[in-house]
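The first chain written gets the first letter, and so on, giving A, B, C and D; residue counts start at 1 in each chain.
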Amino acid sequence: MTETPAETPADSHSTHGYIHRKDDYLKRLSRIEGQARGLQRMVSDEKYCIDILTQVSAMTKALESVALGLLEEHLAHCVVEAARSGGPEADIKVKEASDAIARLVRS
Amino acid sequence: MTETPAETPADSHSTHGYIHRKDDYLKRLSRIEGQARGLQRMVSDEKYCIDILTQVSAMTKALESVALGLLEEHLAHCVVEAARSGGPEADIKVKEASDAIARLVRS
Amino acid sequence: MTETPAETPADSHSTHGYIHRKDDYLKRLSRIEGQARGLQRMVSDEKYCIDILTQVSAMTKALESVALGLLEEHLAHCVVEAARSGGPEADIKVKEASDAIARLVRS
Amino acid sequence: MTETPAETPADSHSTHGYIHRKDDYLKRLSRIEGQARGLQRMVSDEKYCIDILTQVSAMTKALESVALGLLEEHLAHCVVEAARSGGPEADIKVKEASDAIARLVRS
(Lines give C-alpha, C1' and ligand atoms only; values in the text may rest on other atoms or scores of the structure.)
Protein backbone atom coordinates (compact mmCIF):
# COMPACT_ATOMS: atom_id res chain seq x y z
CA MET A 1 0.00 0.00 0.00
CA THR A 2 1.24 3.39 -0.94
CA GLU A 3 -0.19 5.79 1.53
CA THR A 4 -1.07 8.46 -0.97
CA PRO A 5 -2.47 6.82 -4.11
CA ALA A 6 -2.59 8.77 -7.31
CA GLU A 7 -5.59 10.98 -7.97
CA THR A 8 -8.39 9.17 -9.72
CA PRO A 9 -10.80 10.95 -12.06
CA ALA A 10 -13.45 10.36 -9.40
CA ASP A 11 -11.56 12.74 -7.11
CA SER A 12 -12.99 15.52 -9.15
CA HIS A 13 -16.33 14.93 -7.40
CA SER A 14 -17.29 17.89 -5.30
CA THR A 15 -18.44 15.83 -2.31
CA HIS A 16 -18.30 12.23 -1.19
CA GLY A 17 -20.83 10.44 0.94
CA TYR A 18 -18.66 10.26 4.05
CA ILE A 19 -17.70 13.93 4.20
CA HIS A 20 -20.49 14.97 6.55
CA ARG A 21 -19.15 12.43 9.07
CA LYS A 22 -15.49 13.13 8.42
CA ASP A 23 -14.67 13.82 12.09
CA ASP A 24 -16.24 10.55 13.17
CA TYR A 25 -14.12 8.61 10.64
CA LEU A 26 -10.96 10.47 11.63
CA LYS A 27 -11.61 9.59 15.28
CA ARG A 28 -12.19 5.93 14.49
CA LEU A 29 -9.11 5.69 12.30
CA SER A 30 -7.01 7.38 14.94
CA ARG A 31 -8.24 4.79 17.45
CA ILE A 32 -7.26 2.05 14.95
CA GLU A 33 -3.80 3.63 14.66
CA GLY A 34 -3.62 3.40 18.47
CA GLN A 35 -4.52 -0.29 18.27
CA ALA A 36 -1.63 -0.82 15.83
CA ARG A 37 0.71 0.87 18.32
CA GLY A 38 -0.75 -1.24 21.14
CA LEU A 39 0.01 -4.38 19.16
CA GLN A 40 3.63 -3.33 18.67
CA ARG A 41 3.91 -2.80 22.43
CA MET A 42 2.46 -6.26 23.07
CA VAL A 43 4.96 -7.90 20.70
CA SER A 44 7.78 -5.82 22.20
CA ASP A 45 6.77 -6.93 25.71
CA GLU A 46 6.53 -10.54 24.47
CA LYS A 47 2.87 -10.92 25.44
CA TYR A 48 1.09 -14.20 24.97
CA CYS A 49 0.32 -15.00 21.29
CA ILE A 50 -3.37 -15.64 21.91
CA ASP A 51 -3.82 -12.25 23.61
CA ILE A 52 -2.16 -10.58 20.62
CA LEU A 53 -4.48 -12.46 18.27
CA THR A 54 -7.50 -11.28 20.27
CA GLN A 55 -6.41 -7.67 19.75
CA VAL A 56 -5.74 -8.29 16.05
CA SER A 57 -9.33 -9.56 15.71
CA ALA A 58 -10.68 -6.49 17.54
CA MET A 59 -8.68 -4.23 15.23
CA THR A 60 -9.86 -6.11 12.12
CA LYS A 61 -13.46 -5.71 13.26
CA ALA A 62 -12.97 -1.98 13.82
CA LEU A 63 -11.51 -1.60 10.31
CA GLU A 64 -14.32 -3.66 8.81
CA SER A 65 -16.85 -1.46 10.48
CA VAL A 66 -15.20 1.67 9.03
CA ALA A 67 -15.31 0.04 5.60
CA LEU A 68 -18.99 -0.88 5.90
CA GLY A 69 -19.84 2.68 6.98
CA LEU A 70 -17.92 4.23 4.07
CA LEU A 71 -19.55 1.81 1.67
CA GLU A 72 -23.08 2.54 2.86
CA GLU A 73 -22.51 6.27 2.50
CA HIS A 74 -20.96 5.73 -0.92
CA LEU A 75 -24.07 3.83 -2.08
CA ALA A 76 -26.42 6.39 -0.52
CA HIS A 77 -24.68 9.36 -2.13
CA CYS A 78 -22.35 8.68 -5.07
CA VAL A 79 -24.22 5.68 -6.50
CA VAL A 80 -27.71 7.09 -5.98
CA GLU A 81 -26.68 10.45 -7.49
CA ALA A 82 -25.10 8.78 -10.50
CA ALA A 83 -28.30 6.78 -11.00
CA ARG A 84 -30.37 9.97 -10.84
CA SER A 85 -28.26 11.93 -13.29
CA GLY A 86 -28.72 9.07 -15.77
CA GLY A 87 -26.26 7.96 -18.44
CA PRO A 88 -23.54 5.33 -18.23
CA GLU A 89 -22.10 6.80 -15.01
CA ALA A 90 -24.45 4.64 -12.86
CA ASP A 91 -23.10 1.43 -14.44
CA ILE A 92 -19.52 2.53 -13.78
CA LYS A 93 -20.34 3.38 -10.14
CA VAL A 94 -22.13 0.07 -9.57
CA LYS A 95 -19.23 -1.92 -11.06
CA GLU A 96 -16.74 0.03 -8.95
CA ALA A 97 -18.77 -0.47 -5.74
CA SER A 98 -19.23 -4.18 -6.50
CA ASP A 99 -15.49 -4.62 -6.96
CA ALA A 100 -14.88 -2.87 -3.63
CA ILE A 101 -17.45 -5.13 -1.93
CA ALA A 102 -15.77 -8.23 -3.41
CA ARG A 103 -12.38 -7.07 -2.08
CA LEU A 104 -13.93 -6.57 1.39
CA VAL A 105 -15.72 -9.93 1.41
CA ARG A 106 -12.53 -11.71 0.31
CA SER A 107 -10.20 -9.87 2.69
CA MET B 1 -9.77 -2.61 22.78
CA THR B 2 -7.64 -1.67 25.70
CA GLU B 3 -4.13 -1.38 24.45
CA THR B 4 -2.49 -3.11 27.36
CA PRO B 5 -4.62 -6.07 28.45
CA ALA B 6 -4.13 -7.54 31.88
CA GLU B 7 -1.53 -10.22 32.33
CA THR B 8 -2.89 -13.70 31.67
CA PRO B 9 -1.46 -16.76 33.40
CA ALA B 10 -0.10 -17.75 30.02
CA ASP B 11 2.20 -14.74 30.18
CA SER B 12 4.31 -16.69 32.59
CA HIS B 13 5.55 -18.81 29.66
CA SER B 14 9.22 -18.32 29.13
CA THR B 15 8.99 -18.03 25.34
CA HIS B 16 6.30 -17.73 22.73
CA GLY B 17 6.42 -19.02 19.19
CA TYR B 18 6.78 -15.63 17.54
CA ILE B 19 9.68 -14.35 19.64
CA HIS B 20 12.42 -15.46 17.26
CA ARG B 21 10.75 -13.32 14.57
CA LYS B 22 9.88 -10.41 16.84
CA ASP B 23 11.63 -7.81 14.68
CA ASP B 24 9.78 -8.96 11.60
CA TYR B 25 6.43 -8.60 13.40
CA LEU B 26 7.35 -5.19 14.79
CA LYS B 27 8.24 -4.03 11.30
CA ARG B 28 4.98 -5.31 9.82
CA LEU B 29 2.88 -3.77 12.60
CA SER B 30 4.67 -0.46 12.23
CA ARG B 31 3.83 -0.55 8.52
CA ILE B 32 0.19 -1.24 9.45
CA GLU B 33 0.29 1.75 11.80
CA GLY B 34 1.51 3.80 8.83
CA GLN B 35 -1.44 2.52 6.79
CA ALA B 36 -3.81 3.74 9.52
CA ARG B 37 -2.17 7.16 9.37
CA GLY B 38 -2.39 7.10 5.55
CA LEU B 39 -6.12 6.44 5.82
CA GLN B 40 -6.61 9.42 8.12
CA ARG B 41 -4.77 11.58 5.59
CA MET B 42 -7.04 10.31 2.80
CA VAL B 43 -10.20 11.10 4.80
CA SER B 44 -8.76 14.48 5.78
CA ASP B 45 -8.02 15.26 2.11
CA GLU B 46 -11.52 14.05 1.19
CA LYS B 47 -10.28 11.38 -1.19
CA TYR B 48 -12.67 9.25 -3.18
CA CYS B 49 -14.51 6.65 -1.04
CA ILE B 50 -13.61 3.74 -3.30
CA ASP B 51 -9.89 4.58 -3.07
CA ILE B 52 -10.16 4.67 0.72
CA LEU B 53 -11.92 1.29 0.68
CA THR B 54 -9.12 -0.17 -1.44
CA GLN B 55 -6.59 0.89 1.19
CA VAL B 56 -8.77 -0.48 4.00
CA SER B 57 -8.81 -3.86 2.21
CA ALA B 58 -5.02 -3.77 1.83
CA MET B 59 -4.63 -2.99 5.53
CA THR B 60 -7.06 -5.75 6.52
CA LYS B 61 -5.08 -8.23 4.42
CA ALA B 62 -1.82 -7.13 6.06
CA LEU B 63 -3.35 -7.60 9.54
CA GLU B 64 -4.77 -10.98 8.56
CA SER B 65 -1.38 -12.09 7.38
CA VAL B 66 0.20 -11.06 10.72
CA ALA B 67 -2.52 -13.05 12.51
CA LEU B 68 -1.96 -16.17 10.39
CA GLY B 69 1.78 -15.97 11.02
CA LEU B 70 1.35 -15.61 14.79
CA LEU B 71 -1.11 -18.48 14.79
CA GLU B 72 1.16 -20.83 12.85
CA GLU B 73 4.02 -20.13 15.23
CA HIS B 74 1.71 -20.58 18.19
CA LEU B 75 0.67 -24.02 16.93
CA ALA B 76 4.24 -25.00 16.10
CA HIS B 77 5.58 -23.99 19.51
CA CYS B 78 3.08 -23.56 22.34
CA VAL B 79 0.57 -26.19 21.20
CA VAL B 80 3.16 -28.78 20.15
CA GLU B 81 5.12 -28.29 23.41
CA ALA B 82 1.96 -28.62 25.50
CA ALA B 83 1.12 -31.84 23.64
CA ARG B 84 4.61 -33.18 24.29
CA SER B 85 4.63 -32.42 27.99
CA GLY B 86 1.35 -34.37 28.33
CA GLY B 87 -1.44 -33.70 30.79
CA PRO B 88 -4.54 -31.51 30.37
CA GLU B 89 -2.46 -28.51 29.18
CA ALA B 90 -2.70 -29.68 25.54
CA ASP B 91 -6.52 -29.64 25.65
CA ILE B 92 -6.52 -26.12 27.08
CA LYS B 93 -4.12 -24.92 24.39
CA VAL B 94 -6.13 -26.52 21.59
CA LYS B 95 -9.38 -24.99 22.86
CA GLU B 96 -7.73 -21.57 23.18
CA ALA B 97 -6.22 -21.76 19.68
CA SER B 98 -9.54 -22.93 18.22
CA ASP B 99 -11.34 -19.99 19.80
CA ALA B 100 -8.75 -17.60 18.36
CA ILE B 101 -9.17 -19.21 14.91
CA ALA B 102 -12.97 -18.84 15.15
CA ARG B 103 -12.56 -15.14 16.01
CA LEU B 104 -10.28 -14.67 12.99
CA VAL B 105 -12.55 -16.55 10.59
CA ARG B 106 -15.57 -14.56 11.78
CA SER B 107 -13.83 -11.17 11.79
CA MET C 1 -32.80 -21.27 7.93
CA THR C 2 -36.28 -22.00 6.83
CA GLU C 3 -36.04 -22.88 3.19
CA THR C 4 -39.06 -20.86 2.13
CA PRO C 5 -39.06 -17.52 3.96
CA ALA C 6 -42.26 -15.54 4.13
CA GLU C 7 -43.04 -13.19 1.28
CA THR C 8 -41.60 -9.76 1.77
CA PRO C 9 -43.26 -6.67 0.38
CA ALA C 10 -40.33 -6.43 -1.98
CA ASP C 11 -41.47 -9.66 -3.61
CA SER C 12 -44.14 -7.65 -5.28
CA HIS C 13 -41.46 -6.25 -7.63
CA SER C 14 -42.07 -7.34 -11.15
CA THR C 15 -38.42 -8.26 -11.83
CA HIS C 16 -35.23 -8.64 -9.89
CA GLY C 17 -31.73 -8.01 -11.15
CA TYR C 18 -30.69 -11.65 -11.34
CA ILE C 19 -33.68 -12.90 -13.34
CA HIS C 20 -32.03 -12.57 -16.73
CA ARG C 21 -29.27 -14.91 -15.49
CA LYS C 22 -31.58 -17.26 -13.59
CA ASP C 23 -30.32 -20.39 -15.38
CA ASP C 24 -26.72 -19.55 -14.61
CA TYR C 25 -27.54 -19.15 -10.88
CA LEU C 26 -29.56 -22.38 -10.83
CA LYS C 27 -26.63 -24.22 -12.39
CA ARG C 28 -24.15 -22.78 -9.87
CA LEU C 29 -26.41 -23.55 -6.91
CA SER C 30 -26.98 -27.08 -8.14
CA ARG C 31 -23.20 -27.52 -8.33
CA ILE C 32 -22.97 -26.22 -4.73
CA GLU C 33 -25.63 -28.76 -3.71
CA GLY C 34 -23.40 -31.41 -5.31
CA GLN C 35 -20.46 -30.15 -3.23
CA ALA C 36 -22.57 -30.57 -0.06
CA ARG C 37 -23.30 -34.16 -1.10
CA GLY C 38 -19.62 -34.72 -1.89
CA LEU C 39 -18.71 -33.53 1.63
CA GLN C 40 -21.17 -36.00 3.18
CA ARG C 41 -19.54 -38.78 1.14
CA MET C 42 -16.10 -37.70 2.37
CA VAL C 43 -17.20 -37.74 6.02
CA SER C 44 -18.97 -41.06 5.48
CA ASP C 45 -15.80 -42.54 3.95
CA GLU C 46 -13.77 -41.06 6.84
CA LYS C 47 -11.53 -39.02 4.58
CA TYR C 48 -8.68 -36.97 5.98
CA CYS C 49 -9.87 -33.83 7.88
CA ILE C 50 -7.62 -31.47 5.93
CA ASP C 51 -8.98 -32.73 2.59
CA ILE C 52 -12.52 -32.15 3.86
CA LEU C 53 -11.56 -28.62 4.95
CA THR C 54 -10.13 -27.92 1.48
CA GLN C 55 -13.49 -28.83 -0.07
CA VAL C 56 -15.37 -26.74 2.52
CA SER C 57 -13.23 -23.73 1.52
CA ALA C 58 -13.95 -24.37 -2.17
CA MET C 59 -17.66 -24.56 -1.44
CA THR C 60 -17.57 -21.37 0.65
CA LYS C 61 -15.82 -19.57 -2.19
CA ALA C 62 -18.45 -20.78 -4.69
CA LEU C 63 -21.26 -19.53 -2.41
CA GLU C 64 -19.51 -16.22 -1.88
CA SER C 65 -19.19 -15.76 -5.60
CA VAL C 66 -22.94 -16.40 -6.06
CA ALA C 67 -23.62 -13.81 -3.36
CA LEU C 68 -21.36 -11.20 -4.96
CA GLY C 69 -23.04 -11.77 -8.33
CA LEU C 70 -26.55 -11.40 -6.87
CA LEU C 71 -25.50 -8.28 -5.04
CA GLU C 72 -23.99 -6.61 -8.08
CA GLU C 73 -27.15 -7.25 -10.08
CA HIS C 74 -29.25 -6.03 -7.19
CA LEU C 75 -27.32 -2.74 -7.10
CA ALA C 76 -27.41 -2.40 -10.89
CA HIS C 77 -31.17 -2.96 -11.12
CA CYS C 78 -33.21 -2.61 -7.93
CA VAL C 79 -31.09 0.10 -6.27
CA VAL C 80 -30.49 2.12 -9.43
CA GLU C 81 -34.21 1.94 -10.37
CA ALA C 82 -35.28 3.01 -6.90
CA ALA C 83 -32.87 5.96 -7.13
CA ARG C 84 -34.30 6.93 -10.50
CA SER C 85 -37.92 6.78 -9.43
CA GLY C 86 -37.07 9.19 -6.58
CA GLY C 87 -38.70 9.30 -3.16
CA PRO C 88 -37.67 7.51 0.05
CA GLU C 89 -37.53 4.11 -1.70
CA ALA C 90 -33.85 4.66 -2.61
CA ASP C 91 -32.89 5.14 1.05
CA ILE C 92 -34.69 1.94 2.02
CA LYS C 93 -32.97 -0.01 -0.76
CA VAL C 94 -29.52 1.35 0.16
CA LYS C 95 -30.03 0.46 3.83
CA GLU C 96 -31.23 -3.02 2.91
CA ALA C 97 -28.29 -3.61 0.55
CA SER C 98 -25.81 -2.29 3.13
CA ASP C 99 -27.19 -4.67 5.75
CA ALA C 100 -26.85 -7.57 3.32
CA ILE C 101 -23.25 -6.53 2.56
CA ALA C 102 -22.46 -6.38 6.30
CA ARG C 103 -23.86 -9.90 6.75
CA LEU C 104 -21.69 -11.15 3.88
CA VAL C 105 -18.53 -9.44 5.11
CA ARG C 106 -19.08 -10.81 8.62
CA SER C 107 -20.00 -14.35 7.54
CA MET D 1 -14.10 -29.02 -6.77
CA THR D 2 -14.01 -32.66 -7.70
CA GLU D 3 -16.25 -34.36 -5.23
CA THR D 4 -14.02 -37.33 -4.61
CA PRO D 5 -10.43 -36.09 -4.34
CA ALA D 6 -7.59 -38.55 -4.78
CA GLU D 7 -6.41 -40.41 -1.71
CA THR D 8 -3.74 -38.54 0.18
CA PRO D 9 -1.06 -40.35 2.15
CA ALA D 10 -2.76 -38.99 5.25
CA ASP D 11 -5.79 -41.12 4.44
CA SER D 12 -3.81 -44.06 5.68
CA HIS D 13 -4.38 -42.78 9.24
CA SER D 14 -6.51 -45.20 11.21
CA THR D 15 -8.74 -42.54 12.76
CA HIS D 16 -9.39 -38.84 12.37
CA GLY D 17 -10.50 -36.42 15.03
CA TYR D 18 -14.03 -35.99 13.74
CA ILE D 19 -14.91 -39.69 13.48
CA HIS D 20 -16.51 -39.93 16.91
CA ARG D 21 -18.94 -37.18 15.85
CA LYS D 22 -19.43 -38.44 12.30
CA ASP D 23 -23.24 -38.59 12.61
CA ASP D 24 -23.42 -35.03 13.82
CA TYR D 25 -21.35 -33.83 10.84
CA LEU D 26 -23.43 -35.86 8.39
CA LYS D 27 -26.60 -34.33 9.80
CA ARG D 28 -25.22 -30.79 9.55
CA LEU D 29 -23.97 -31.31 6.00
CA SER D 30 -27.28 -32.79 4.96
CA ARG D 31 -29.00 -29.69 6.35
CA ILE D 32 -26.55 -27.55 4.33
CA GLU D 33 -27.44 -29.60 1.22
CA GLY D 34 -31.09 -28.75 1.99
CA GLN D 35 -30.16 -25.06 2.17
CA ALA D 36 -28.59 -25.31 -1.30
CA ARG D 37 -31.82 -26.86 -2.60
CA GLY D 38 -33.86 -24.14 -0.84
CA LEU D 39 -31.76 -21.49 -2.59
CA GLN D 40 -32.46 -23.07 -5.99
CA ARG D 41 -36.17 -22.99 -5.19
CA MET D 42 -35.93 -19.30 -4.24
CA VAL D 43 -34.17 -18.41 -7.51
CA SER D 44 -36.64 -20.56 -9.45
CA ASP D 45 -39.57 -18.76 -7.78
CA GLU D 46 -37.85 -15.42 -8.47
CA LYS D 47 -37.72 -14.39 -4.82
CA TYR D 48 -36.34 -11.03 -3.78
CA CYS D 49 -32.53 -10.78 -4.12
CA ILE D 50 -32.00 -9.57 -0.56
CA ASP D 51 -33.93 -12.56 0.87
CA ILE D 52 -31.76 -14.90 -1.20
CA LEU D 53 -28.62 -13.15 0.10
CA THR D 54 -29.84 -13.59 3.68
CA GLN D 55 -30.11 -17.33 3.10
CA VAL D 56 -26.69 -17.45 1.43
CA SER D 57 -25.20 -15.79 4.54
CA ALA D 58 -26.95 -18.32 6.80
CA MET D 59 -25.59 -21.19 4.69
CA THR D 60 -22.08 -19.71 4.70
CA LYS D 61 -22.20 -19.45 8.48
CA ALA D 62 -23.34 -23.08 8.79
CA LEU D 63 -20.47 -24.21 6.55
CA GLU D 64 -17.99 -22.09 8.50
CA SER D 65 -19.16 -23.64 11.71
CA VAL D 66 -18.63 -27.17 10.29
CA ALA D 67 -15.13 -26.13 9.24
CA LEU D 68 -14.27 -24.71 12.67
CA GLY D 69 -15.51 -27.90 14.34
CA LEU D 70 -13.47 -30.15 12.03
CA LEU D 71 -10.42 -27.99 12.57
CA GLU D 72 -10.67 -28.05 16.35
CA GLU D 73 -10.96 -31.83 16.35
CA HIS D 74 -8.08 -32.07 13.91
CA LEU D 75 -5.86 -30.01 16.23
CA ALA D 76 -7.00 -31.97 19.30
CA HIS D 77 -6.34 -35.35 17.73
CA CYS D 78 -4.13 -35.48 14.65
CA VAL D 79 -1.85 -32.56 15.55
CA VAL D 80 -1.54 -33.41 19.25
CA GLU D 81 -0.82 -37.09 18.43
CA ALA D 82 1.80 -36.15 15.86
CA ALA D 83 3.45 -33.88 18.46
CA ARG D 84 3.44 -36.70 20.98
CA SER D 85 4.94 -39.29 18.67
CA GLY D 86 7.83 -36.87 18.00
CA GLY D 87 9.80 -36.57 14.79
CA PRO D 88 9.17 -34.28 11.82
CA GLU D 89 5.52 -35.38 11.52
CA ALA D 90 4.41 -32.61 13.94
CA ASP D 91 5.95 -29.91 11.72
CA ILE D 92 4.17 -31.31 8.67
CA LYS D 93 0.84 -31.40 10.53
CA VAL D 94 1.22 -27.85 11.82
CA LYS D 95 2.07 -26.56 8.34
CA GLU D 96 -0.89 -28.40 6.85
CA ALA D 97 -3.30 -27.12 9.53
CA SER D 98 -1.97 -23.55 9.14
CA ASP D 99 -2.53 -23.68 5.39
CA ALA D 100 -6.10 -24.91 5.97
CA ILE D 101 -6.69 -22.07 8.48
CA ALA D 102 -5.36 -19.52 5.96
CA ARG D 103 -7.73 -20.88 3.30
CA LEU D 104 -10.65 -20.58 5.73
CA VAL D 105 -9.76 -17.06 6.87
CA ARG D 106 -9.38 -15.93 3.25
CA SER D 107 -12.52 -17.64 1.95
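Keep this in mind: a contact is a pair of C-beta atoms (placed from the backbone, for glycine too) under 8 Å apart; a residue touches a chain by one contact, two chains touch by 3 or more.
Owing to the predicted nature of the structure, the values given are computational and were not obtained by experimental measurement.
Undergrad: So subunit C and subunit D: same face meeting same face, with over half the numbers shared, or different?
TA: same
Undergrad: As a test of understanding: of all chains, whose mean C-alpha position lies farthest from that of subunit B?
TA: C
Undergrad: With chain centres taken as the means of their Cα atoms, state the distance from subunit A to subunit C in Å.
TA: Roughly 23 Å, centre to centre.
Undergrad: Provide the C-alpha centroid distance between subunit B and subunit C, rounded to the nearest whole angstrom.
TA: 30
Undergrad: When the centre of a chain is set as the mean of its C-alpha atoms, what distance in Å lies between subunit C and subunit D?
TA: So the centroids are 20 Å from each other.
Undergrad: Send over the residues of subunit C in touch with two or more other chains.
TA: As it turns out, subunit C has residues touching two or more other chains at 64, 67, 71, 97, 104, 106-107.
Undergrad: Within their complex, state which residues of subunit B touch subunit D.
TA: 64, 67-68, 71-72, 75-76, 79-81, 83-84, 86, 90-91, 94-95, 97-98, 101-102, 104-106
Undergrad: Would you mind writing out the residues of subunit C in touch with subunit D in their complex?
TA: Residue positions touching the partner: 1, 3-5, 8, 10-11, 13, 15-19, 22, 25-26, 29-30, 32-44, 46-64, 66-67, 70-71, 73-74, 78, 96-97, 100, 103-104, 107.
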